[in-house]
Amino acid sequence: LPAHIDRTKTIRYCSAVNLPPMEFMNAQTQPVGVDVDLGDALAHRLGLKPVWVNMPFAGLIPALLADHCDAIISQLFIKDSRLKVIDEIPYMYSHEAVLMKAGAPKVATLEGLSGRKVATVTGTTATILLQKANTALQAAHKPLIDIVMFPENTQALQQVQFGQVAAYGVAYETARYYSHLDPSQFELGGPPYFKIATGVGLRKDEATLNTALRGALAAMMKDGTYQHIFTKWNLQIDMLKP
Amino acid sequence: MTRGMTDVVIAAEGVEKWFGPRKILDGIDLSVRRGEVVVLIGSSGSGKTTLLRCIDHLETIEAGRIEVNGQPIGYRARGHRWVEDRETAIARRRRDVGMVFQRFNLFAHMNVLDNITIAPIRVRGVPRVEAEFEARALLARVGLPEKEAVFPASLSGGQQQRVAIARALAMHPAVMLFDEPTSALDPEMVGEVLAVMRGLAADGMTMVVVTHEMGFARQVAHRVVVLDAGRIVESGPPDQVFGAPRHPRTRALLGAVLH
Amino acid sequence: MHFDWPYFWQQLFHPGDAFLLGLWLTILVSVSGQAIGLAIGLPVALARLSRSPILAWAARGYILVMRGTPLLVQIVFIYTGLAAADLVRFHDWHAGPFSLAGNVQAGILALGLNEGAYMAEIFRAGITAVDRGQTEAAKALGMPPMMVLRRIVLPQALRIVLLPIGNQFNIMLKNSTLVSIIGVSEMLLVTETINSATFRTFELYSALGLYFLALTSIWTLLLRWIERRMDAGRDHPGAARAEGAAGVDPVLSEVSP
Amino acid sequence: MHFDWPYFWQQLFHPGDAFLLGLWLTILVSVSGQAIGLAIGLPVALARLSRSPILAWAARGYILVMRGTPLLVQIVFIYTGLAAADLVRFHDWHAGPFSLAGNVQAGILALGLNEGAYMAEIFRAGITAVDRGQTEAAKALGMPPMMVLRRIVLPQALRIVLLPIGNQFNIMLKNSTLVSIIGVSEMLLVTETINSATFRTFELYSALGLYFLALTSIWTLLLRWIERRMDAGRDHPGAARAEGAAGVDPVLSEVSP
Amino acid sequence: MTRGMTDVVIAAEGVEKWFGPRKILDGIDLSVRRGEVVVLIGSSGSGKTTLLRCIDHLETIEAGRIEVNGQPIGYRARGHRWVEDRETAIARRRRDVGMVFQRFNLFAHMNVLDNITIAPIRVRGVPRVEAEFEARALLARVGLPEKEAVFPASLSGGQQQRVAIARALAMHPAVMLFDEPTSALDPEMVGEVLAVMRGLAADGMTMVVVTHEMGFARQVAHRVVVLDAGRIVESGPPDQVFGAPRHPRTRALLGAVLH
């Protein structure tokens, strides 16, 4: 383990603790969720105390680079642009989806949102996918999607609830969570449309930590801790095939 | 010469004014006839300013009544009670009274001509050309024909006070009230203002003047009224009041002022 | 320390369209918020000064709440809170080629409502600073109250409040960053977005800071120029100003970001 | 409109521990930020007034930048920007049972640095407002410059600046919400977090607003009391204050959230 | 009685003071001997205040030199040039000079006793008890034995000025400079301050006094110096200057002041 972690016996995770079921606050404002369970298990396996540092999603990578934490566990998709600045250890798959108000007409693809207003969270992949859809729409001379970015999930979600936006582009896991939580309010606006590996973010110079975490993850997969967590949250479809 | 009741411009009866627990005017009876020049004297705090302000209803009164040109000012009868009038009605009644303040109070954001014409145009509804024509005549009368485009801040105190007089005259008031019009002036400028006031008196303007200028009072006043602690303690022609004051307060006062 | 100079210069002198749109939104939101603040401020100041206890207390309450709670809270409350309570929903507004998104409307409204309280206090101070003798002289000439206010008091009060209001607009420019929380893509949110792709926090925020410094400095210079112009229009600049104005130290009058 | 009264009362009078922790953080951050601001403000004011052009210009530059850019930008810049450029990193700090998270440190520092500029201007105005005759009399008695400053000018300036500084602390309380952007769980962020589970935005933010209103009102009352106490300690309360103080209208001096 | 050079307390030679482009002091030569009382008169703007301030180095000078007790004040020699001294050195030199200002300038945040003792304690390093003992003696001397615990704001102008004199005396200065010490006072209070100054003169204190009180000058001054436009135009015993002024400016000045 790196010296400073070994000394303090803590590992600090940066996370936007606002995206159920991956990471969110329970009634006691304790972080809970898939990522939190995983992160806690990884830490315990390494004999460390986990500390969760909450911040807006767009601030995660800057914060990691700024050494404000040791790792990001926040449903961070593995993308080339990110791999240029950080390392990522894959631990699950994620999907994208759109969330809509219950009863609203569904769309098959993002292009179907043409001319409507769609909320996203700043810095998320959904934003980029929507922008890509816009490029396609522009080429086809169709009205663009009006993308409104919010710093955090609740703000964006509530815009759907109030009918101030038509849809919310967010991870499938989160969209499904809300549509199950309150089917009278929310509904998936279409099938999951984007599958991507998701990882723990690490600074590039943290090779020791990288190795340690990979080892711990493999061990968890072997002894079933990993499977147990995904089953608990009913997200078996997102598990990595061992 | 006998004058009828219609010739009474100001009629005050039993006027009382309280500021909180203090009685400032204590049963003032005063009537001023058309064309009369009344000089009001009294020691500091005796209520001279307050009386003038009550006549123009810049202060409410707690008892008694004040009529200007035969009509009450600031109050109207409702059944058997007097209630304060609506602001717009008070404003209309105030046109009968011209007021000249110790500190001039020219409108700082307007030039001299606008200072004089604004009330005639906006309040009396006189057309602008006409109002400006008259304003120029008034400026000539107060000896400032060339100052119409100038702002108050660049006038001397004496010039400002003369413009203030012209401004009040432009409303054709039935009576002019002057509250120590020269006491904020440097000595050199007192004369020019008093000269304008002398001219007004000579033209038959009804005037009530609070002043410490005893020379002016002696020459111009038809009557001198002495106020003490909110009461009129003496009243009579200047010769009598200055020459043979009956009330001890008057004597003390004249002693101090004439010194 | 690594400082990516080329990236910094690029962002400073050739920012992308998104950033320029953010600059435009910053200005739009600030100017509109200020306009609403001015429109609210004067009537509230008059209500606060009025003899009607109901009006005066309503104005006091409004000012107390607006100045006693954080702007950030007000912004969220107006955009999300009111909608959550089913009171007001902000829908996009279109008029021909122009459109105004709901969150931009809410942001402008929140900034404006907040600013209104500060404007009200400035107007009140300005009106109070106009010499009482001016009002009395106007009343004595037979002017009714509204005319006294409109023709005599307000014109003089406006000169007094010009500088504090001008300083307040600098604060408004800076406060406009807070509407990023409801997704208005003004300069700060655009910068955050760019940063979430490039991770050049230091360079990006340095440039952003310089943009704001330029905006506030330009406005300050403009304000000085306007002031000089207004003074030049008078015979006696110093004397023409009511004394009350001297009490408003231009430095102290702007006390917060 | 739906208003969930029981939930509102619950949140107002029996908030959870997390919210109380947020209240504590709001106060901690505000008080510490103010303390730093005061500590910075006085030397910067002295530098600004000093005869050394280097010191004076450095102080001017600091004040210009801090007052010319938005606090929100400064907060992100200091927490993330400086670290991104490898300049400053904020590490959690532990001392026995106490600990201070890195982002809390950064938030306090940013608020303090920003406040320092406003404090500097207030101190400068206060020092300038002390009658020059006081300095001259002290010099004429043979006091060296530092003694004149410490024994004569500062004690009198402090009385003058008390009220503006007090007003400024109200602004600080409200500004402390901005550190939520770097994840400091003060009252606003806690409220947001609770909201993300319950979606009772209207009720939650109403309660939050009332909490802030209470904080600022309590502080205002306290400030008045302190002022009265200080005045009571003098023979002649009015006269004992240098004239400059009268110019600082308590209303105008607090002009922004 | 002949006095040696050591008896010269103030020696000014060819002093010039410029404010920007204006020459305010224009070659002042003045020497004041121990025990001498010099009264400085001159029309407004002639440079009286400036001269006193230069003597205490509250203003820099552009040419000439000023020595107090045989040593330059505010400047020191560096090779052949005079350069301004360090502030702490200037401060030390200023202890030789006591200054009494027109507007008293008592420290507003301290009571009377602290006003008098602060400089002895902090500057001269006198122990507090000793400083307070002496301060009480000085307060008795200026006729205010009972005011030690009071703040300046609750004293009358005359009382403040007497405290200011006591404060200056507490530093045991070699010379006391007075800049119109009575001109900010109401007439009733002028006498009490002049009486204290008379007492000082009688005790042999060296004093330079700017004043319009010609009676005081006539009785107390050993020498009257007339300043005009930054030059000394006349200097001599009061009888001579007041009785037979030689310079036309002096005559004009005395005409105006004695009026």
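Each chain carries a letter (A, B, C, D and E) given by its place in the written order, and its residues are counted from 1.
What we mean here is this: a contact is a pair of C-beta atoms (placed from the backbone, for glycine too) under 8 Å apart; a residue touches a chain by one contact, two chains touch by 3 or more.
It should be emphasised that the depicted structure is a prediction, and the values quoted were computed from it without experimental measurement.
Colleague: Based on which chains touch which, give the shortest step count from subunit B to subunit D.
Modeller: Contact-graph shortest path, subunit B to subunit D, evaluates to 2.
Colleague: Treating subunit C as absent, figure out whether the rest stays one piece or breaks into groups, and list them.
Modeller: A, D, E | B
Colleague: Which chain pair racks up the highest number of C-beta contacts?
Modeller: More C-beta pairs are in contact between C-D than between any other chains.
Colleague: Can you name the chain that lies farthest from subunit E, using the mean of each chain's Cα atoms as its centre?
Modeller: Measuring from the centre of subunit E, the most distant chain centre belongs to A.
Colleague: By CA centroid distance, what chain is farthest from subunit D?
Modeller: B
Colleague: Provide the C-alpha centroid distance between subunit B and subunit E, rounded to the nearest whole angstrom.
Modeller: 52
Colleague: From the C-alpha centre of subunit C to that of subunit E, how far is it in Å?
Modeller: 54
Colleague: Let me have the rounded angstrom distance from the C-alpha centre of subunit B over to the C-alpha centre of subunit C, please.
Modeller: About 46 Å, centre to centre.
Colleague: For subunit A versus subunit E, what separation do you get between their C-alpha means, in angstrom?
Modeller: Chain centres of subunit A and subunit E, defined by C-alpha means, are spaced 81 Å apart.
Colleague: Where in subunit E do residues touch two or more of the other chains?
Modeller: Residues of subunit E never touch two or more of the other chains.
Colleague: Can you list the subunit A residues in contact with two or more other chains?
Modeller: 59, 62, 65-66, 151, 158, 161
Colleague: Residues of subunit C touching 2+ other chains?
Modeller: 76, 80, 83-84, 180, 192, 199, 201
Colleague: By the touch definition up top, name every chain pair that qualifies.
Modeller: In this structure, the chains touch in these pairs: A-C, A-D, B-C, C-D, D-E.
Colleague: Over in the complex, which subunit B residues touch subunit C? Could you list them?
Modeller: 56, 58, 87-88, 91-92, 94-95, 97-99, 101, 103-109, 118-119, 122-124, 150-151, 153-154, 164, 167-168, 171
Colleague: Over in the complex, which subunit A residues touch subunit C? Could you list them?
Modeller: 57-59, 61-62, 65-66, 81, 85, 117, 119, 122-123, 127, 146, 148-151, 155-156, 158, 161-164
Colleague: Please output the residues of subunit C touching subunit D within their complex, sorted ascending.
Modeller: Going by the criterion above, the answer is residues 1-3, 64-65, 67-74, 76-77, 80-87, 114, 118, 121-122, 124-125, 164, 167-168, 170-171, 173-178, 180, 188, 192, 199-202, 204-206, 208-209, 212-213, 216-217, 246-249, 251-257.
Colleague: Subunit A touches which residues of subunit C in the complex?
Modeller: So the residues of subunit C touching subunit A come out as 76, 80, 83-84, 89-92, 101-103, 180-183, 185, 189, 192-193, 195-197, 199, 201.
Colleague: What residues on subunit C touch subunit B, complex-wise?
Modeller: Subunit C residues touching subunit B: 131, 133-134, 136-145, 147, 151-152, 155-156, 159, 234-236, 239-240, 242.
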